[in-house]
């Protein structure tokens, strides 16, 4: 209600006008880029408009488009899995756990160590399903432990502190974990053992052949998402989590152990990040100490794009972000004649975030604000 | 927060028996100590820092990196939060005992590591699980010697930490002064060497103090320790007296005293670089750049409460603008302007960038804003690097041959009158750090003046109001949007100055100098120094960049370059948990973050029991409700 | 907020200290330590800043003739125009190693540093004076790091020369300072053309007189790869991918320029970002023009991702992949995805090449390297750094003499004179000839065909193409 009043009272300032301009400019850019792409696609690259914008333009064939889409979606589903952790913590505690990306990295790292040990023992080649199950278990447990410890040591003492304080703390935690990994395990890229051939084979009908790893990633992400949905919406723990997110004090009056619920939230977020970590290892086969940083930030962006605090939104946001950073350079920037357009892939991801926040500040799927936020 | 912070009642209860401990707490602290020791050993820090000698054959930075821990934790375990109405006991054997036990547990953990290092091979995931670490921990002796060494040393240091609680304040001040002096003198060897060069007789003294090219001589260390003790005992009192005189004078004639102070500071600033060597000047330039950046971010984060994680964007704008405008070889536009003319355009560019980035984010909530500004920082860096923009910015190849700022301000002719400003005879151009230092100091002076004036102005108060509570600020008639944008733009301009000097100093520019890391390091400086406090921010930059080094700049302790980010991360967390107001706190800010009174209230309400209050001073109830 | 009392007091103390220093201090910082006894002109400290770029190579400076006369008595090089260094009896001759020894690029810098240290220990004394390379300095692989280390070097007037840097970006910032101070620096692994010349006889704008390198010029490697692709493989369209690093961008550009000059078609030029994992978008961008060859002179892990993902992108199924020395490392070559990729790099078949200054063979040095470090070198440039250090020490020996008091007097100009005249020098890396712009490398590029990820050494030895100066 107060927001409505404020809206009416506040006069349109230069800032508002600038923002309106920015919204239109970005929308126009997207629309024009897409238009140019369609022209290039259906009229053919040899028309005056396309030639004017980009001399080297080529038609994008279906195979290439499908490749981009699938790789964007598989990357996006990992963003989504990480974003769940951001979203849940934000919902319950109302702050961004900047270090959540590092939990994901810990998952990928411990998964790597386990699978390399299993590879040396021969289990990886002989009984791959067993090996991968062990690796998933270990990495999930380690990631969960990291998240819980993080909460206990760094965030619990700060509960109730001004909002920016835990955020700054989490930046410190993030750097600490990143450099711990570099110093303990050595810097640089480390490789996962090679996956068995049957997993790497392309599958699907001829018009839609997709790499086996990508299918696996998308399927596992969907399964994890479904399990989480069941947990949050259908179990008592989930109910407690939702209650704590709504109002901590009332929840505790209702007999809910707030501390324990918060720990559970961190643990579940950590487990999701751990699963995402091992999927990352399977998909790309390599991990460094920086693996968690940029994906972490992008996953947070995904949570915001989808509407923070909303679990379905987090997944949708992840897919949106992954898809657009994969497709947008080719679909929008290339027809506009930007040279070396994929260099701006990461910039596109951040522009999507800015654009969504400009046009729909609550994210694509609205948001469930907790009491503190509404105040 | 020291344990004497609360008013101590005059009568103390008698000391408790040594065995009357809170055993859970003691064991917990001991295990934390043990974990920390093992962790630090496995990061490779002791071995990596071992080359840095403090006292020639006795002590190296490597050993110090482990040895400070039992002492600090032994000190911490004996800490007791005493609140109004609690029984306060005399300190005594109980404290010593607790410290020793903690040290013992820590030492045992480290000994376990020594034993495992000898018997197991875990070098596959742990890269520092190797022979050099074992040799380091056992001092090239047998495993048994190593175990004995660490159990003994750790217990003794823990005991020593506990002792610090018992001795009178003067004693602990003495110990602190001696330790800081010896370690500081060893750390600053290069600097002191540089300073003393050519100064009458000092050179000889310095040569006597230091072992050639590494560490102090034992005799030198002892002499320094005695000198430090003397300073605390005698000079400390004199200084206090002097301070009192100064304060009195300032109260009587504030204007005159302030003027004298400003003149004195200015004179010192002008004279200092002449006596410093190249190395020290270069170090000070680096520190100065980060002072400038931190002062700028301090306005944005410390005063206006906007957490800008993309602050490096403005640094880049300044750097690239100067590079494009002054370098004769910049691709695309290359007007080859003199530095001082380019600065004016840089200010314009920074203002535009501040407005452009500021406007979209200003209405966002604090945490969204942090991520979006971070995104903007990356967008700018990625764009500058891309082949698409390389026609203007040089892309991956960067820009080279950026001339240094020309300090020959003379040489131009006044139109109409026909008078020509005489040109200075000395050659004051190029990359001589001494000259750059003057340029940096000029901008730092501007930044300090601007920060100081703004802080006490209407705008400054508006910023602080926005920081405290935006809705209330708005209700008080403050235009929050304008206020925040102003903060953004002022911060942007200060950062662009730093970028401009940086480009001129290094003489070339690449996008790799403008990574997210730089934003984070500036943030750490502001937080560690004390948000919203000019002196704090300056001190933070000196300590962090000067000693440990900046994101790409080595500090005095170049050995730390591999570990500094880990230390920065840990420092950030520790500061936020234990001392959110920073090293040199801002009064208003620390009042906001002050915890004891809330703890006191909580205790009176019976929500915190006695032991909890002692061991976890900042948990749960430690914070004021937001 | 007023400045705090503490701060004021601190500043007051500083001020008083500086006043004391002013009273006792001696204003003039002399650039050369002992100019008076060699009777050089006294205005050296103003000259060094300005004259180095133009005057260093000319020996006909009139006012220094007297020096040359005294010097020629014992036959050492140099005209004293850049000042001299005096090493007292019992002291060591100081040179410096400046390499990226920490962080992500340590794999490149550490072998360089070890190479330098080995060369110094093998070389022995110069005119009876021991030599030290000090504690290795770190260029942090960045312009800032290069400048900071250069200031440190320049501040120490006893330093006679520098071996480094590891990274071209650091060299671009350090070379002006070091060169203007009258010193010589020789890098074992800088390859950027901007530091020397375009190989057609034109100096680049950032070339400095005191800069030398034993590593090859990127233009050379680019030309080698282009020649191989166009003439040997017979492919006519090629694309290139770099990672935004000055080195990789420069090499990719050099390749593309040489390839189009031969008549090939540029089918795309773009980059990945460090930290990227999903290469499908960038490969799709390249695939649009269906290039026959794809050159990606980048590093792991991005290189691994490109190699692994290229096959799955439509339009690139039959494209020949090509990489450069950044990927001639175990991490990449162990990866099964790297099979079938041609990789270019400096000729590292040092075999039994002998360094003429130390008399050591490459095989011996390598064996000693492995005993010292406990592992084989992680990058190819240890030999280049070894030769660079040996050359510098030769130059110091040639430009120095022992004076009447038993001091060793080193003439800085003489060091450059010696290096400029190097021709037919036998080093671990082959025969070294310095051109007029500091390019001294053996300039021999080889391309290997890596076919078996299980046998890396075989891959490195499987040379299919050699490119040497005409």
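Per-chain numbering from 1; labels A, B and C assigned in written order.
Here is the rule we go by: a residue touches a chain if its C-beta (ideal position, glycine included) is under 8 Å from a C-beta of that chain, and two chains touch if they have at least 3 such contacts.
Remember, it's a predicted structure, so these values are computed and weren't measured experimentally.
*Asks:* Could you see whether B-C or A-C has the larger number of C-beta contact pairs?
*Replies:* Top pair by contacting C-beta pairs is B-C.
*Asks:* Counting only C-alpha atoms to place each centre, which chain is farthest from subunit C?
*Replies:* A
*Asks:* Measuring centre to centre with CA averages, how many angstrom lie between subunit A and subunit B?
*Replies:* 33
*Asks:* How many angstrom lie between the CA centroids of subunit B and subunit C, rounded to a whole number?
*Replies:* 34
*Asks:* Go ahead and note the Å separation of the Cα centroids belonging to subunit A and subunit C.
*Replies:* So the centre of subunit A lies 41 Å away from the centre of subunit C.
*Asks:* Among the residues of subunit C, pick out those that touch two or more other chains and give their numbers.
*Replies:* Touching at least two other chains: 103, 244, 269-271, 273.
*Asks:* By residue number and range, which residues of subunit B touch two or more other chains?
*Replies:* Expected reply: 382, 385-387, 562.
*Asks:* Send over the residues of subunit A in touch with two or more other chains.
*Replies:* If we look for residues of subunit A contacting two or more partner chains, we find 339-341, 343, 346.
*Asks:* Going by the contact rule set out above, which residues of subunit C touch subunit A in the complex?
*Replies:* 103-104, 106-107, 244, 269-273, 275-278, 280-282, 284-285, 287-289, 300-301, 304-305, 308, 312-315, 331, 334-336
*Asks:* In the complex, go through subunit B and note every residue touching subunit A.
*Replies:* It is residues 39, 42-45, 124-128, 305, 307, 309, 359-360, 362-364, 366-368, 370-372, 374-376, 378-379, 382-383, 385-388, 471, 474, 481, 485, 520, 523-524, 527, 562-563, 565-566, 568-573, 576-577, 580, 592-593, 616, 618-620, 622-626 of subunit B that touch subunit A.
*Asks:* Okay, in this complex, where on subunit A does subunit B touch?
*Replies:* 2, 6, 13, 15, 18-19, 22, 95-96, 113, 116-117, 154, 156-169, 171-180, 183-186, 297, 300-301, 304, 338-341, 343-344, 346-347, 350-351, 353-354, 357-358, 361, 372
*Asks:* Using the touch definition from the top, list the residues of subunit C that touch subunit B in their complex.
*Replies:* My answer: residues 1-9, 11-12, 14-15, 18-19, 21-22, 24-27, 29, 46, 49-50, 102-103, 135, 138, 140, 142-145, 147-149, 151-152, 154-155, 169, 172-173, 176-177, 180, 194, 205-206, 242, 244-246, 248-250, 269-271, 273.
*Asks:* Quick one: which bits of subunit B touch subunit C in the complex? Just the residue numbers, please.
*Replies:* That would be residues 51, 194-195, 198-202, 239, 242-243, 246-247, 258, 261, 264-265, 267-268, 271-272, 274-275, 277-279, 282, 286, 328-329, 382, 385-387, 395-398, 400-401, 427, 430-431, 433, 452, 455-456, 502, 505-513, 533-535, 538, 550, 552-554, 558, 561-562, 584, 586 of subunit B.
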